[in-house]
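For clarity, chains are labelled A, B and C in written order, and residue numbers in each chain start from 1.
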Amino acid sequence: MQTPLHLTISPGADAPIYRQIVRQVREAIAGRRLGPGDRLQSQRQLAQQLVVSPLTVKKAYDELERDGLIRTARGQGTFVAHDLPTPSRDANLDGLRPIVRQLVHEARLSGVPPKALSALLAEEQTRIAAHRGDDPTETETS
Amino acid sequence: MNVLELTGIHRTYERGEEVLSGVDLTLESGAVVGLLGKNGAGKTTLLRIAMGMIEPQAGRVRVFGMEHPRDAVAIKRRIGYVSEDQILPAYLRVADVLAMHRAIFPGWDRALERRLSERFEVRERAKIATLSKGQARQVAVLCAVCHRPELLVLDEPAGGLDPAARREFLEVAIDSLHDGGSTILFSSHYMQDVERIAGRVVLIHAGRVLIDRGLDELREELSLAVLTPTNGTTVQRLRQTAGCLAARAHAGELRAVFGVDPEVARATLQSELKVSALTVTRLGLEDLFVETVEGQAR
Amino acid sequence: MGHSDESLCIAGMLAWSASRVATLALDGPGDSMAGFFIFPIAFQCVALAAMVMIGPASMRSRCSEMQLAFPIDARTWVALRLGACALVGWLPLAIAALVYTTIVGTDILHEPTFMIMPAAAAAWAAWISACFAWRPERSRIDSPRALATLVTLGVGLMALAFWRPMISLPVSLAATATAGVCIWRGLPRALLLVATSAAAGTVADGSTGRGAESIAAGRDVRPRGLHFWLARSTVLQPRALVLFVAGAFMAATAHGATSAFLWFGPYAVGMAMFCATRILRETDHLPIPRARIAPWVFLPAGIALVGGMLCGSFYQPLTSAEMREHVDMVGTGPRLAGKVARQQSIQVPGSLCRFTVSDEVREIRSPWGEVARVEPPRVLPGLPLRIVNPYAIDSESSIDFVAWQLARALHAAHGVEVDADSLRDEYLGVLEGRVIGPFFGQRFVTAHPALDRPARPGLATAAGLIGVLLWLAAGALVTRRGVPPRDRAGWKRRRAATLAMYGAGLAALAVTMFPFLLGLHYPSLPLVAGATLVDLTGGHLWRVVLLTAVIAGAGYAWLGRRFERMEVPPSLPRPYVFR
């Protein structure tokens, strides 16, 4: 049973609003909260829910569509694409680098040794995979 | 055809001091542009010039391809205007004000008026003089929006309203953007509202346009550098650094806005000024405003 | 914006009061003296009452909201407010009286009607005190019943002062004292705010959540459109209307108030036209052509002014014994203490006089050969313009000559045949070698009611022209706000021009309305101008009318063009702006 997707945006945050929307949809798709063929809110509806300019929503949806994650059928609505593109590993790794860097810094500050950090990482991965109901063999192992 | 074209606008106060010295602004159809600036920077003046209420001493004003004051009435028919210090006649009732607007604007959407009246819980029999500030503003918004104008000119429309009222106003403005209808030019001090709705941001300072960029572009491409002042690093040196838009000293630190993203800014500062102890981050609109405006050379 | 209306009103009242004191000092005695003093006081009271009743809330405040936040106690505030009222009302009168008594040396204090003044003053003070005594702990008087009571009380006290000054004085003083005690004891440490009308008024009956109902109810309401808006913002302002009506009433009934019509004409102009800025602020962003608004701003004022001028030329107050537009024997020059007989001269209605620029001495020859040599007096010191009075006498004239001139003047002005000898025997006398006619005008008009007819009314059309010119001048002043100049030098030039306009306007107003301010004694200048103009057009009144119409039409077109270019400054940042 899927939970309906609720997006939130925060106007003063680091990223512009359209990017926050894109990020959240991406994460939802990656986290299997949105599956292929699932229907997204229309641009108008999303703009009304988030109280943002419809042009911003359009920009976000356009980028998602360009990346092949969603597609719009005229008159029918916006759906998650069936054939999701295989993510390019390198691009994604680069995207994660700042988050990992921050994690490493935090660990150092808290005095957590690297081995314990790696163990923590593996533990979380297993837990999330189990939560998603994934085939554990699908997960990337380090 | 551009909805609004202002070129080379010069305008002085009564006493001969310049309030706008050479301002250019172009709005294409469907754009949502937020005017930012300190109080007295000339935002209201610019908006009034766009409305044709005042004439610039120099420069050209074209709205919908027509010119003030020759076609002023035809232009105003297609504009909706809300201002923080708008005057509604105190002795009239709300119903009278609405009826009057209904009569002078073609294309009045009765259904929209009804919908908004219910949403705002407007009391038609009430005299304007008895309305609170928020309610009076709601009436003004009704009058401006219900004839489905092509251009909405809003001068601090949410000024002095509580957050719920501000949010409601934002929703009304956003609704008017749907159906590809309106262009919006507004000025506001509420940066969060500007972030929500503006596509482009124009910052006016000392009578000139300091920034005129898309909002997303602005947020992604600008950065803020914070460093400790030393013999080698001063405000003046910072201002001369490539890519620096503004710099100031504040509470024992030096803060500078750069028009490039954080990594490039960091690299520039490290190479040019040989500083190592510095922090470079992205910045939100409010900080952008404060740092840019306060960081200008006087 | 409304403050300027009130300032205008107060300035007008002050000028009026001062001028009246001057008149008292300079004029001959007569019953109309009462009018000269009572009128400004009564007018002040009526005007204040009107403002308090229907004016802005600030008029009914003992102190403003901002002032309530100060650490100043209520007693100080009320004392300040009462003191300010007294000053504004009485200082000009007191100063003028003082100046004339001490410096010029007139003997005002011996005027019998001067006794009325303290009575009227006491009545006025009683009324103001009563206003403050009502609910003294509140910062504002808001109950309509209270206001109605106070107004009635005020009017009653005034009437008493006029009718029986000797009773009015102690009564009013007692009332003032009582009210004063009430105030003093009723005042708390700090004044309380009165609940604002938004809280106490319609919010209670139309509570939230009734949106649908309100729409349905709205359909029963017949909305009043643009014309109502325009009318209500310009002509039908309650304050202006009440003051206009009050002024008209007083002009019609009070002593010594003939030229009152000439006065509230400009006031009507001010109220109607200085609202131009406000109506433009309300409609600037709307697609309403300015040409549609212009008639509402300019035409009512023009009608009021021209109408006022015409009425002033035609109309004599019902109870007035004032002889300004009649033939009269008056003393010229200040009435100095200790001197009874001043230089006497014959005053005639303005329509019989003419302007001239030459200063040659004129000779007036009687049938039996007596000659009077008269130098035409200047209108204003320094101006080359002079007035010729064909019925003047000089200091050497015999009593027969005076009688002959009087008879001629009466015939010319009123078309009445009066025998010169009977005039001489009944009304004239000789004192200290000079011919005098004390209380002449009063007794004469009661003896010959036919003389109550005003002077030749046809000349009033020329007064209409003056009215049109004043209207255009006021309009020019109101529409002076075009695009501001580019630089400081330009601004200074424009400021100088505006000040010059104001100065010229005030001077013109002063000279036409209050010639007696200058201690000079001659008839109302608009009528002299009118008579001169009629002469210039060969006596054909229709030419004057045509000229007036042409100037009015061209002037209105010009004003309309200026109105199109007018720029309104943004309103002050108040939360929601109502007046």
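What we mean here is this: contacts are C-beta pairs under 8 Å (C-beta built on N, C-alpha and C of every residue); 3 or more make two chains touch, one makes a residue touch a chain.
Owing to the predicted nature of the structure, the values given are computational and were not obtained by experimental measurement.
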| item | value |
| --- | --- |
| Of B-C and A-B, pair with higher C-beta contact tally | B-C |
| Centroid comparison with subunit C (C-alpha atoms), farthest chain | A |
| Rounded Å distance, subunit A centre to subunit C centre (Cα mean) | 80 |
| For subunit A paired with subunit B, centre-to-centre distance based on mean C-alpha positions, whole Å | 33 |
| Inter-chain centre distance, subunit B versus subunit C - centres from mean C-alpha coordinates, in Å | 49 |
| Complex contact set, residues of subunit C against subunit B | 197-198, 201-203, 206, 208-212, 214-215, 217-218, 221, 223-226, 228-229, 232-233, 278, 281-282, 284-289, 483-491, 564-565, 567-579 |
| Interface residues, subunit B side, partner subunit C - complex | 10, 12-17, 44, 48, 51, 53-55, 57, 69, 72-77, 79, 81, 83-96, 98-101, 103-105, 114, 117-133, 136-137, 153, 160 |
| Residue numbers on subunit A that touch subunit B, as the complex places them | 11-19, 44, 47-48, 51-56, 59 |
| Touching residues on subunit B, where the partner in the complex is subunit A | 30, 32, 167, 170-171, 174-175, 177-178, 191-192, 195-199, 215-216, 219-220, 282, 284-286 |
